[in-house]
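Here is the structure we will look at, set down as structure tokens.
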Amino acid sequence: MGRLLLLRLAGAVPVLLLVSVVSFGLMRLIPGDPSAAIAGLSATPRMVAQIREQLGLDQPLLTQALHWYGGLLQGDLGRSILLGQSVFWSTMQRLPVTMALSAYALAITLVVGIGAGVLAALRQNTWVDQAAMMVAMLGISVPNFFLGLLFIIWFAVGLGWLPTGGYIAFTDSPWGWFQTSTMPAVSLALLNIGLLARITRSTMLEVLRQDYVRTARAKGLPRHLVVGKHALANAMIPITTVVGIIVSLLVSGSVVTETLFSIPGIGQLLTSAVLGRDYPMVQGGLLLVTALLVLVNLGVDMLYAVLDPRIRYER
Amino acid sequence: MNSLLDAQGLVKHYQIGGGGLFGLGERPLLKAVDGVSLSIDAGETLGLVGESGCGKSTLGRLLIRLLPPTAGRVIFEGQDLTSLHGASLKQARRAMGVVFQDPFGALDPRMTVEAIVREPLLIHGERADRGRTAAMLEQVGLPASAAARYPHEFSGGQRQRIGIARALILQPRFLVCDEPVSALDVSVQAGIVNLLQDLQARLGVAMLFIAHDLGVVRHISDRVAVMYLGRVVEQADKRTLYARPMHPYTQALIAAVPALTPVGRAERRAKRIRVGGDIPSAMAIPSGCRFHTRCPVAMPVCRETDPPLVEHAPGQSVACYLYGG
Amino acid sequence: MSLLSIEHLTVAFRSETGQATAIEDVSLRLEPGEILGVVGESGSGKSVTALSIMGLLPEPAARVVSGRVVFEGQVLTGMGEHRLRRIRGPGIGMIFQEPMTSLNPIFSIGEQITETLAAHGERDRPKRRDRAVEMLERVGIASAARRLGDYPHQLSGGQRQRVMIAMALACRPRLLIADEPTTALDVTTQAGILDLVLDLREQLGMAVLVITHNMGVIAEVADRVAVMYAGRIVEQSPVELLFAEPAHPYTRALLGCVPTLDDDRVRLTAIPGALPDPRTRPAGCAFAPRCGLRVDACEAAIPPLRPLGPTHEAACIRTCAG
Amino acid sequence: MRAALVIAAIGVMTAGGAQAEAFKCPKVGGSFTFGQEANVNSLDQMTSNTISTRNIAMNMFEALTTRDENNNPILDLADRMAEAPDHLSYTFTLRPGVKFHNGKPLTSADVVASWDRYSKVGLDRQIFDAVAGWEAPDAMTFVVKMKTAQPTFIEKLSSFSIPVVIVPAEAKDDPPQQLRSIGTGPWQLAQSVPGSFVTLKRYDGYTPNTHFEQRTGFGGYKQACFDQVTFRIVTEGGARVAGLETGELNAVEDVPTKSVDRLKGNANVKLLPLNNWWIQIGVGNATQPPTDDVRVRQAIQAVLDMDEIMDAATDGNYKLNYGFAYPNQPDYVTTGKDTYNQKNADKAKKLLAEAGYKGQPVVLLTNKDYSSMYNAALVVQEQLKAIGINAELKVVDWPTSVQMSQKSDSGWNIFFSGWGTQPALGALATMAFLAPPGAQYRPKDDKDDPDVLAAWRDMSNLPTKDERKAAFGRMQQVILERAYVFPFGSLTKVQASRANVAGFVPFRIPRMSNVYFTN
Amino acid sequence: MSDSPARATIRRLLRHRLFVTGLALFLIVLVLAALAPWITTVDPTKLSIRAKFKPPSMDFVFGTDNLGRSLWSRTVWGARLSVEIGVAVVVLNAIFGTLVGAISGYFRWADAPLMRINDALMAFPAILLAIGITAVLGPSTENVILALAVVYIPRTARIVRASVLVLREMEYVQAAVAAGAGHARILRTHVIPNALAPLIVQLSFLFAYAVLTEATLSFLGLGAVPPTPTWGNIMAEGRQYMIEAPWIITIPGVLLMITVMGLNLLGDGLRDVLDPRLRLQA
């Protein structure tokens, strides 16, 4: 298992290298530069030129690239042009927010998604199944920004139950966190609930058809063991893959959701960095986020090993 | 006289696992075929038996170069197949055909039977008219109406006939049959075996007949080779082999086949030669004789060195120290 | 009273393309300690018969249309899942064709054996463990105690089937149903498994229902044989009688088309045609289209099983008439 | 008596003693939350020119001089200022008792360091172009020496656009965008979570400027009444309004026009319209055909219907306004008025014909980030199409449009923008957009219109205010008649607060001092 | 006459209830898109400042927006654009996803390098990559298509590769090799046609993702250039009026939902019929 981990880590290196090349290249190709964001509405060309010079943006691309990769080798991701903070620090500051929100959304997704999927599979072709799958279909069909807007209109403006946006850290006030995070988390979760419920259902249906489930029944095991132990434990393996994908979708989704609900997370950070042409922030931030996603996938792989002895005892 | 096909020291090893960018650690080696030499004469049928995982299918594919060997050569009609490429390889392939086990996976589900049977002709730019395919279908015992239909409309036995028609349409001189009847019901299996025998008699094609069913192999073969873990351990004329098996593995294999009568079964059980345990993994082949871990008569030397395949009786080669070094 | 009796059982399957009768009017009896072999080719309904005994038919696609299964006086057909579950294991054990897929890949074999014991009332953990070790030893797994933690993929095919047997017999059932127990195994392994079944029958005295397509297996282990074709039993007799005097043309043809190690026939006797599609079975005898002895009357009605002697019966108008 | 002193052109500028009662918070305490529209990047007031930075930083930092409520220069950290008769030096005496947020007393060394930093990284460091140097003869005195006399120096210095804020000497070498947040203002930084909120807390060591008794502009007698003030970033307009309605937010900026009507009926909310928030404007490209031809630009100018444009741009909350100053400002001139809002299609067509216009594309460069600019461009496009001009939209994001606008050959003819802070600061600041080196109308071959140049020189250097105002009048006339830019009108921005908030007077930048809860 | 697999498949599809529902929903949108020039009387970009913020009524079926443009015209033309973008992305994916996937799955030497690039592109959060690419290329319909293609081709390629890896080992492919068929012939006649089933399923879902992601990009201001009416653009412009004029965002939002749901149902049906074992891909 340790070997597997090492192998996967080594495999991640070229991926991350390519990611950094792509993000560096993309950013430099984007027209416009950070001076516009710094200088604001009433910038004069002279101000802009001063800023460009100050930021070293007047230097050749290769010099800038060497500088960035040089820093990277020393573990320095550079400093955000707009925020004036180190990229690493800014990212780390935002990360807990996105992670807390994603964890919340993931928790909702797991509970509702797996629950609905298992229930639908066990009650295949009944109204329970059809209702669950209808909701799941709705979930994967409603754009999350639309859902977010509807939530704001209904629950914040209309009913006044929840704040329209903003974010309160859990450590500051758990209740405040709950209030500010619920709408974004639910709007983030719905798509993934749909995905997960569908996958869980089809996986469960497939697993329930497996010979070992028949064996478990033939042994006279009670139903809760047949379904909950023999079937579900095996279904968890493909479900875990989807959970890995869902984590990545949550990060993607957070781009829109955080903007919509004014939540200071990674998605908002990176979007505003792209729009403000904050080169180091985008390059470093994207690298960190993708590294994190790669780690998540690594975690998923390791989880397989935990779930599946065939992988654990491979060779 | 030169044999039609001559395999010399064929080896096929597989690296298992990705190994990652830096190839951390050594990757285990699966030794599917581990040094096999054999020859087949024109018009002859060589039966190849062995338990699952012994490498018999891989060997079959090596002989017609569906797989490139790790080492060794295959001389077919005087040409080294392993050195051929491009057009010359394509030309050599005209003379070879293959029939597979799975009657469901062996036919492209999207093609009509006619298109399937015709394909080899098209590949070699030959006349591919309806008459030619119809004649071939008739030869394998399918009605002319079959041509326009799709594989899923046929039963397993009929599908296997389609596969045979495809393999024979170019009139090859060598045919590899890779477990052609294993997936079929016994009642259907006999028909296919008979068909193959008839066609061979009519077309004079040499055959490598791979199977795990010793009865079928005995029925169809002229000679039989027994494989164990990537090696041929015994090879002989079929009567000799079944009547007087020399290798302990061959003996055990034959003894394990149930007789088709309950009479005397208690006695049969009592004196049956048994081999312990299961076939080891091809990734961890035992040192010395690869059968020694299960051999009821293993000697110390068997653990040390691998016995070569030696002709101990006329036309009977055995790789076993029981009959001397 | 028989240990098990299947009485006029008919099972139908529903599918996208319509309804099909998998088995029709099947009646079988099994006495304590007896080995009954059910032989037939694919689609003959032999596995469906086995599964319907245990109430393991895939629902809701399959349905018992009529007939019943009685085990030790209890009617199993229509019995609630809750009560059935107490018969599965202690009453009837079952092993399947694919020992790889029939064992749960993600639990250790020890766990899979002990959970059966736990489900049937063994509360004591060490006792469960001991019993698992004992069973594994009994089925010929060497150093059983150490292998409890092994996972199915770490075992060879033969060992897996042995574990399946250990699991099926852990609760000492009076009946073992073995559904194609050696089909997926190599011939040397097959011999070992068949030996084991016979040994265990000897030691434990349970009855065995062996389902197979291999006449050789039948010849090796069965006391009595039922031959199935297209969902029906076409012949039933003690094993010696069946091989010596096969009555039904199908049985005869079946025996004729198996190449053996000692026959020197130039040609095998093939049975022409193919098994009928269960959705479009002929009105009369299902074997008639492939039968060399066919007469018009064969296609008129389905011939019932008729006795040929005290222990022998066959469903063929030709055999019985002649 | 009010004590705000307008800086005289010559002589000593003092802050006269405060005679009347100084402001005293009627109620101290409470936590005030302000809904801010745009995200705040850096709080470095020397290197950021964004409104969002100013919103917060101007409550923390102070400079020697600033502007009062009517935009006149006043002293803030300086107690007195003396201008030499030859106009070649200014001597500032610091207000005693002022302490930084870290407790350190303010000395002239800090001023020197702050000016040093600004001259290196300050965005608007061209205000030092005419300055020879500065020194601190003693701890409380700071002297600026000029190369040449520049009558508008104090006006430029007192600008709140990117002011030379005074920070502790040790911040001298803080890199751009990374100025430590230690100032002398009544509010000090408590917490900043970029993208979410910034919290300021009352600085108890603050010493108010006793020359005044009330807050005025960014200066005057300032008192922090709340315990803390939070600037919450709420980018959705609807969400800001909703927050205000529920009381989550105590005050907000930029209430969407569409919501104003509804809020009018809400007794808990006070609407605070800010007229003349910015000049909605289009800048012509005088280099790129076809707008390099003055007649084409004049044709465009002739056909525009400003009511329609401004209605679309602002959802109806606007004032028509020609030129570059607002009627309430001292600089206001009326020159060039007849070029505005002509709605004269015949004239336009005639001009086009004269210019030989043959359907070459006129590219309207706008952005989606500011919907008022985007909407204005849409309407302009329709109006131009109506007289046969082949008007094409080029919609990019704001940074791209800025970058493109600064290159004359990047394929645009009219660049849509909004001028906010500069018009508020006065004509001198505004017209910097149109004079070298900052000319936005892209003069051909970088050769500026000599008439514009001359007028600009006069605006900057003529000794008297009246002369400078006359020069501005000439400049405005030239610019409008030659149609270098197209001012569409002025946009009203609505701020709003809860009814229980007192002292929150609408201003370009929300001032948190002297604001308190009434209950 | 023999029953070809294709005809049998179509017959089974038409019996699949969800597929038919999805097809119907999608057809509604397709018809709107196709007939846009004929069923709208007002230019979707025609301003009418004096008629702004009209709620849905007899005069304006879907109401008007902040500039008095007809939302009926805008959403119908938006449907057209969504369909165009979806079709383009699907076509690009079908071509390049198949190409990359087939090469990668069929030729061992090409697999590792192609899949590393694939992995890197897939490691990015999809929307951020799309934002980056559209930001580089500038917002325009073509560039959105390009960005979506770049984002989704790796995913399509993976699916094609997976089926090719299986197909490559199929015995009918081996039989063709043994008969002397070259790589091109094998890919053309056996591998790619048989990889089509999962590909078609993937493409129908992809169509849904493309429509959805395009709307998201437009909503973030990075999609097709305004004033081009796309659903995302309409909603982005309408979001500041969401309380006072909720119809501006609701109408395109609901249409978007219907489209995506139709395509998802369609995909489900295709999957059930064409490739029952295919798992949902994200």
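All chains are identified by letter, namely A, B, C, D and E, in their written order; residue positions are counted from 1 within each chain.
Heads up, the rule we're going with is that contacts are C-beta pairs under 8 Å (C-beta built on N, C-alpha and C of every residue); 3 or more make two chains touch, one makes a residue touch a chain.
Just so it is clear, the model here is predicted, and its values are computed rather than measured.
Chains making contact with subunit D as well as with subunit E: A.
Counting contacting C-beta pairs between every two chains, the top pair is A-D. Chain nearest the geometric middle of the protein is A, using mean C-alpha positions. With each centre defined as the average position of its C-alpha atoms, the distance from subunit A to subunit B rounds to 52 Å. Centres computed as Cα averages put subunit B at a distance of 88 Å from subunit D. Subunit A and subunit D have centres, each the mean of its CA atoms, that are 40 Å apart.
In subunit E, 135, 138, 239, 242-243 are the positions where the chain touches two or more neighbouring chains simultaneously. Touching two or more other chains at once is no residue of subunit B.
Residues of subunit C in contact with at least two other chains: none. Those residues of subunit C lying in contact with subunit B across their complex are 41-42, 156-159, 186-192, 194-195, 198, 213-220, 222, 239-240, 243, 253-262, 265, 267-272, 274-275, 290.
The touching residues of subunit A, counted against subunit C in their complex, run 209-212, 214-223, 225, 229-230, 233-234, 237, 307-310, 313. The touching residues of subunit C, when paired with subunit A in their complex, are 54, 56, 58, 81, 84-90, 93-94, 96, 98, 101-108, 115-116, 119-120, 151, 153-154, 164, 167-168, 171.
Here subunit E touches subunit A in the complex through residues 116-117, 119-121, 123-128, 131-133, 135-136, 138, 208, 212, 215-216, 219-220, 235, 239, 242-243, 246, 249-250, 253, 256-257, 260-261, 264-265, 268, 279-280, 282, going by the rule given at the top. Contact residues of subunit E toward subunit B in the complex are 2-6, 170-172, 174-182, 185, 189-190, 193-194.
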